[in-house]
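Pasting the structures in now, so scroll down.
Heads up, the next two complexes both have chain A, just with different partners, chain B and then chain C.
Showing the complex of A and B:
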C-alpha cells in the first residue's frame, strides 16, 4: 500500500457499493432492506474512520498521493467527512421500496465516493473522475421513482445539461493542459501566477468556470435547478443542494488563484445569484421550487465567502478563523444541516403531485413534530438566530467585509431581506393557515421522525455553539 | 453572575417546562408561564437593587475566535428596562388568560422566547450577542401576530418582519464595519461595546456608521418615514402582543439609539441632530393627526404611539440632562399607559368582537370600572399631572426649550394634539348615546382589574416620585474615586426632589453623547477594572 494508502477510503466505499448492488436483487423483503441500510451506514462510517486515520498517518502537511491524485490537506479531508455524514443522514432519512433497496443504497454510496474524490482532488483528472461518478449516481437517484413521468423528465434533464456542463469543463481542462502541460492543480497554479496568462489559458479557465457554475447552479447557469429539484425524491434533492454542490466547492478551493484573473466573473456569479435566487422565488408557489431558488441565493452567499479567499484579507494575521475559505466550510456544514432536513421533510409530506404551499396547510396540526423541524430548518435557511444559518451568514459576510468587499455583502444582505419573504410564506402556510378539507398526507416512520428531530436540535445547537464547527475543522 | 444569567435562563428554560405542562393540560401552561414570569420579575427587582451601587457585568467566552463573548452588562438604564420587561411580561400573561383559547401552549412558549430576546437586547454588552437577541425577537413576535392576531394578521405579521429585518441589515453592516476598524486599529478582536466605542472613526465613517445604526433602530422605534408597519402590527396583534410591541419592542429601538448609535458616532450624531429633531417633531404631529380620525380603537392608540415615541426621540437628541431623563421617563410611561390602552382595547374587543368606535358609545353605564380605568389611562396619555407622563413630557419640553425655543414651543403644541386624540378615545367609547348593539357587557373581572390596577399604581407612583425612574440612571458619587471632569452636578442627579425642573436651565450643555452614559465618576466600572484580567468568579463587577 504505502504511497497508495490514502486511496483506501475511496476503495472501501466503491467496493462496498458494488457489493450492495449485488446483494440487492437477492430477495424483496423488508429484512433485507433494513440489513442493507445498516450495512451501508457501516460502510460510510468505516470510510470516514479510514479517511481520518489515513490523514493522521501522513507526516507532511499537504502531500499529494497516488501519483498526485488526491490531497490530504485538512480542510479537504474535513469536507469529505462532512459529505459522508450527509450520505449517512440520507441513508437513515430516506424511504425506499423493498425491491429497490439495493440500487438505492448502492447509488447513495457511489454518490459518496464521487463526493470524497471530488472534494480531495488535486489533479484535473481527479476532478473530472469525481464529478462523473457523482453525476452518474445522481442521474439514477433523481429518476429513481421511474414509474413517474416527472421523475424521468428530471433525470433526463439533469443528464443532458450536466453532460453539456461536463463537456465545457473537459474542454476547459484540455485547453489548460495544452497551455501548462500538466494536470496538477498546484503546478498549474504556480505556472499561472508566474506568467501572464495567454488567451488560451484564459478561455480554458473560463470554460472551467462554466462547468463549475453549472454544477453550483449559480446564475446564469441555474435554469435546471427548479425542475430537477422538483422531480427528485426529497432526500436526493437535499443531497443535490448540499453536498453535491459542496463537493464542487471543495474541489474549487485549490483554484482560488483564479481570483487573480477571473475575479470579476466569480463576483458576477455571486451577485447575480444572490439577487436572482431571492427574486425568482418570490412568486413561486411550489415549495420545492421555492427552496430551489433559495439554494441559488445561498450559492451566491457562499461565493461571496469564496471571493474573500484565504490570503487576501488584510486582517488575516489576527482573524485566523474568518478567512473566506473557513467561512465557506462553515456555511457548507450549516446549509447542509438545514437543507437536508427541509427537503426530507417536504419529501414526507409530498403526495402524488407537485407540493404547493397549499399542501402545507394543516401540517402544523397534523404532525407537529415534523412541522416544528421544518420550521427550524427554514428558520436556519433564513439566517435567523438561534439557528446555525445565522452565524453561517455572519461569517461569510464578515469574511467578505474583512477582505475589503463592501457591495457584495450589501447585495447579499439586501437579497436575504427580500428572500426572507418566501421563507415566511412557508411558515405562514405551515402554521397560520386553516387546513383544507383534505388532510395533508404525511408519511414518516418513527425512525425518520427521530432523525429529523435530531438534526433540528443539531441546527439549534450548532447555532448556539458555532465554535464547534471550527473545532471540528481544526481537529484534522 | 448567577443573577444575570438566571434572568435569561428562567424564561428560556421555562419554555421546556411550559411545553411539558401544556402537554398535560393547557391550563397548566398558563399557570407555569405566569409563575416563570413572576419569578423573572422577582429576579429583575433584585437586580435593580443590586445595580443601585454600580453596574453589574458578566463575561463568559462564547466564540473566542470571532471575538464574541457572552457579555452581559446591566447598569441603571438597563435594569430599569429589564424591570419594565419582566413587569409587562407578567401583565401580558395575566391578560391573555381568557383571550387565548387556541394553541395555548405554543402561545406561551413564544411569549417566553420573546421575553428572552428582549432581555438579551437590554443586557448585551457584546454587539454580536445584541444582534443575536435583536433578531431573536423577530420570530416569536411574528408568530404572536400571525397565529393569534386579528383579521389582517398575516399581512401585518409579514410587514412587521420585513421592515425590522431590513433595518437590522444596515445595523449589522455598520457594526461589522466598526468591528473590523477596531480590529485593524488595535489588533484586538472583540464585539465588546466598551472597546468598540474606543474606535477612532473618521467623519465620513462616522456618518455612515451613524446612518446604518440609526436606520436599524429607527425602524423599530419607529421614526417618521419608517413607521408604516406599526399601525398594522399593533392593531392586528393579540392584546398581549400589542402590549409587548408598544411597551417593549419600541423601547429596544430607543435603547439602541441611546446605547450604541450616539456613543458610537457622536460627531455624526451632533451633525444629524437638527434633522432627527425635525423627524421627531413630524412624528409627534403626524402621529397625533393620524390618530385622531381613526375608526379603530387599537389603530388610534397605535398612531398615538408614533407621537409618544416622537417625544422620546426628541428628548434623546436635544442633548441635555432634562431631555435625556424625560426620554427615559417617557419610555417607561408610554410602555405602561399605552400598553394599558391596548389592554382595554383588547378587553372591549373580547366582549364586543369589534374595535370600531362607531359601534361603541355610552358604555360607561355598563362597565363603570373599565370606564374608570380608561379615563385614567386617557388622561395619563395626554399627560395630566399626577401621572408619570406629565413629568416625562415636562422634562422633554424643558430639554427642547433649552435646545431651541422654537422646538420647545412646537412640542407644547404637540401635547395639545395629544389631548385631542386621548379624549376622543374616551368620549367615543364611554360617553355619548348608549349603543344598542351591546347589552349587559361584563365589567372588568378581578383578573383584569388586577392587571390594570397595577399599571395605574405604577403610573401614579412615577408621577409622584419620578426619581424611581430617573434615580437609577445615576450612581451615587463614589468618594473613593477621584472625581473626573465629567462628573455630574448634584442638581442633575436629583432634580425632582427640589421640586423644580431646574436642570433644564443648565447654562452649558456638554456634548450630546456624554448624557447617554451613566453620569458619574464611577460610571464605567468596566473601565476601572480590566475585566479580562479578573478571574471568572471576580468578573461580576459590583
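Showing the complex of A and C:
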C-alpha cells in the first residue's frame, strides 16, 4: 500500500467529489447548499494539507511517484496548492440553487482533481488524464445554466473545440511515443536532447503545442475565448482564465527542453497573443469579452517568461535572482488573484442580455464595496502599481531580458500600454458615468462581499510585499 | 526528405484532380431532378421525414447504456491480466468500479432511470434559474 500514499491527495478529492455528487439528490433539506459548501471547502483544505504532507522535503528535481505518473518537485506542488486555493475561493464566491448544489460543488472538486493531476504530471498519459478530467468538469460548469440558450451554446462550443484540440494533443503524444518509445517526460527530454530530432518527433511536438496553445487560448488558437467566457457563470469564467490555464502552464514546465527546437513557435505565440489580445479588446463593449481578450494578452506575457527558461543566466542585468519559471509562477498567482475576483464581480452584476459597459454605470454608487473591489482587480490586471499585477509583469519581462530577448518584452510593454485603455474604460464607466434610468441590479450576499473584499486586500497586499509569493514557493 | 519524386507526384495528383473537376464543370451542366436530389442516388428510396423525434427518456437511457458499455471495455482489459496484477491490481480495479458504480447510483437517485416521470421532471428543472 506504500505506493498509494503519493496519490492520496488526488484520491481524497475525487472520492469526496463523488460523495458530494451523491449527497446532492439524497438530502432534500432547505440548507443543503450551505452544508455542501462547507463540506467541499473542508475537502479542498484536506487535499491541500495532504499534498503538502506527502510531498514535503522532496527537493530533488522531478522525482517521480505513483509509478512514475506524478512529480513531487516543489514548484509543481506549489502550483497545485495555488489551484486548490482558487477552487476554494470559487466555492465561497459562487451561488447555486439548492437543487443543483450537489452537481455544482462536485464538479468544482473534480475540476480541482484534474488541475492537481495536470499540474504535477510527469508522464504524457498523466497530462492527458488530468487535462480530460479538467475539461469534462469544465464542459458541465460552463453549460451549468442550461435553461439559457447562450449558456448551452457556450458549453457545446467549448466541448467541440476542446475535444478537437485534445485530438491534436493525443496525436502528438502518439507520435512522440512512436519515436522515443516512452511516456515519461524526463526520459523523452534526455532522448530528445541527446539526438537530432527527426521530422516525426518535430511534428509530434508541434501537435502537442497546438493542444497546449488551444488550452492556453494563445493566438492563433484563441477564437473560442470570448464566446465561452461570455456565456459561462462568472465564477467559472474566472477559473477558466486563471487556474485551468495555469494547470496547463505548470504541466508544460517539464517540456521546457522544447525551447531548444521549437522556441520560435512559442515566441510567435507570445508575440501574437500580446498584440492580438490587446488590439481585439479595444473596440469591444461587452465587459466579459474585454476581459477575455485581455486574458489572451496575459497568456502572451506568461509565455514571454517561459522563453526565459528555468535557469539563471550568468550575465543577468536586471533582477538576476528570478528565473523565468519562477516569474511564471508569480504571474499565475497574481493573475488568478485578480481575474477570479473580476469575473466573479461581473457575475454579480446583471445586464439586459450580455453585460455591456453601459450596464456598469451607476454600480459605483449603488454598491460601492463591489465597485471598489472591481476597480482594484482591473487596476491589477492593467499592471499598474501598487497592485500585484505590476510586479508580475516586471518579473516576467526582466526574466526575458536577462535571457537575451529584446523585442518580446518591448512588444509586451507596448501591448500593456494599449491595454490600459480598455481597462480604464471599465473604471470610467463604473464610477464616472451618470447612471441610466434603470438601476443596475447587483446580487451579492454578505459572504460574497467579504470574499471580494478579502481578495481585493490580497491583491494590494501581495503588490506591496511581492516577496511573499517567492517565500511561499521556497517553503515547499 | 523532400525529394523530386515526391514533388512530381504531388503536382501530378493536384493536376489530375483539377483536370477531372474542371472537365466535368466545363462539359457537364447542372441538371436537377427529384431523383437526382435524393440523398442516396440510385439507392433505396427514402421514406418519411428525416426529423424524427426521439423521446428524452429513451435518449437518456441510451446515453447511460453507452457510458457503462464503454466502461466494460476497461474491465475486459483488466480481466486478461487479472492474475498477473494480483491483489494490487484487484484493489485498483475495485477503485475504478467504485467510481463507475457511483455514476449508476447518481443516475438512479436523479431519476434518470424513471421512464414515466422523467419528462415532467426534466421540464420542471429546466424552468428554474440561478445566478
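Please note the rule applied: the second predicted complex is superposed on the first by the 455 of 476 C-alpha atoms of A that agree within 3 Å, B and C clash if a C-alpha of one lies under 4 Å from a C-alpha of the other, contacts with A are read in each partner's own complex, and residues count from 1 in each chain.
One rule holds in what follows: contacts are C-beta pairs under 8 Å (C-beta built on N, C-alpha and C of every residue); 3 or more make two chains touch, one makes a residue touch a chain.
Not measured: the values here are computed from a predicted model.
A count of residues in chain A touched by chain B and by chain C gives the higher number to B.
Of the two partner chains placed by the overlay, only chain B lies in contact with A:390; chain C stays clear of it. Of the two partner chains placed by superposition, A:160 touches none, neither chain B nor chain C. By the document's definition of touching, neither partner reaches A:475: not chain B, not chain C. Applying the stated contact rule after C-alpha superposition, one finds that A:443 touches chain C and leaves chain B untouched. In the superposition on chain A, contact of A:282 is made with neither chain B nor chain C. Of all residues in chain C, only 1, 95, 98-99, 102, 105-106, 109-110, 125-131 touch chain A in the complex they form. Within the complex formed with chain C, the residues of chain A that make contact are 11, 14, 18, 21-22, 25-26, 95-97, 99-100, 145-148, 199, 233, 347-348, 350, 443. Residue ranges of chain B in contact with chain A, taken from their complex: 62-66, 128, 132-133, 135-136, 138-139, 142-143, 146-147, 153-154, 157-158, 161-162, 165-166, 169, 172-173, 176-177, 179-180, 183-184, 187, 189. Interface residues of chain A facing chain B in the complex, by the touch rule stated above, are 314-315, 318-322, 379, 384-386, 390-391, 394-395, 397-398, 401-402, 409-410, 413-414, 416-417, 420-421, 424, 427-428, 431-432, 466-467, 470.
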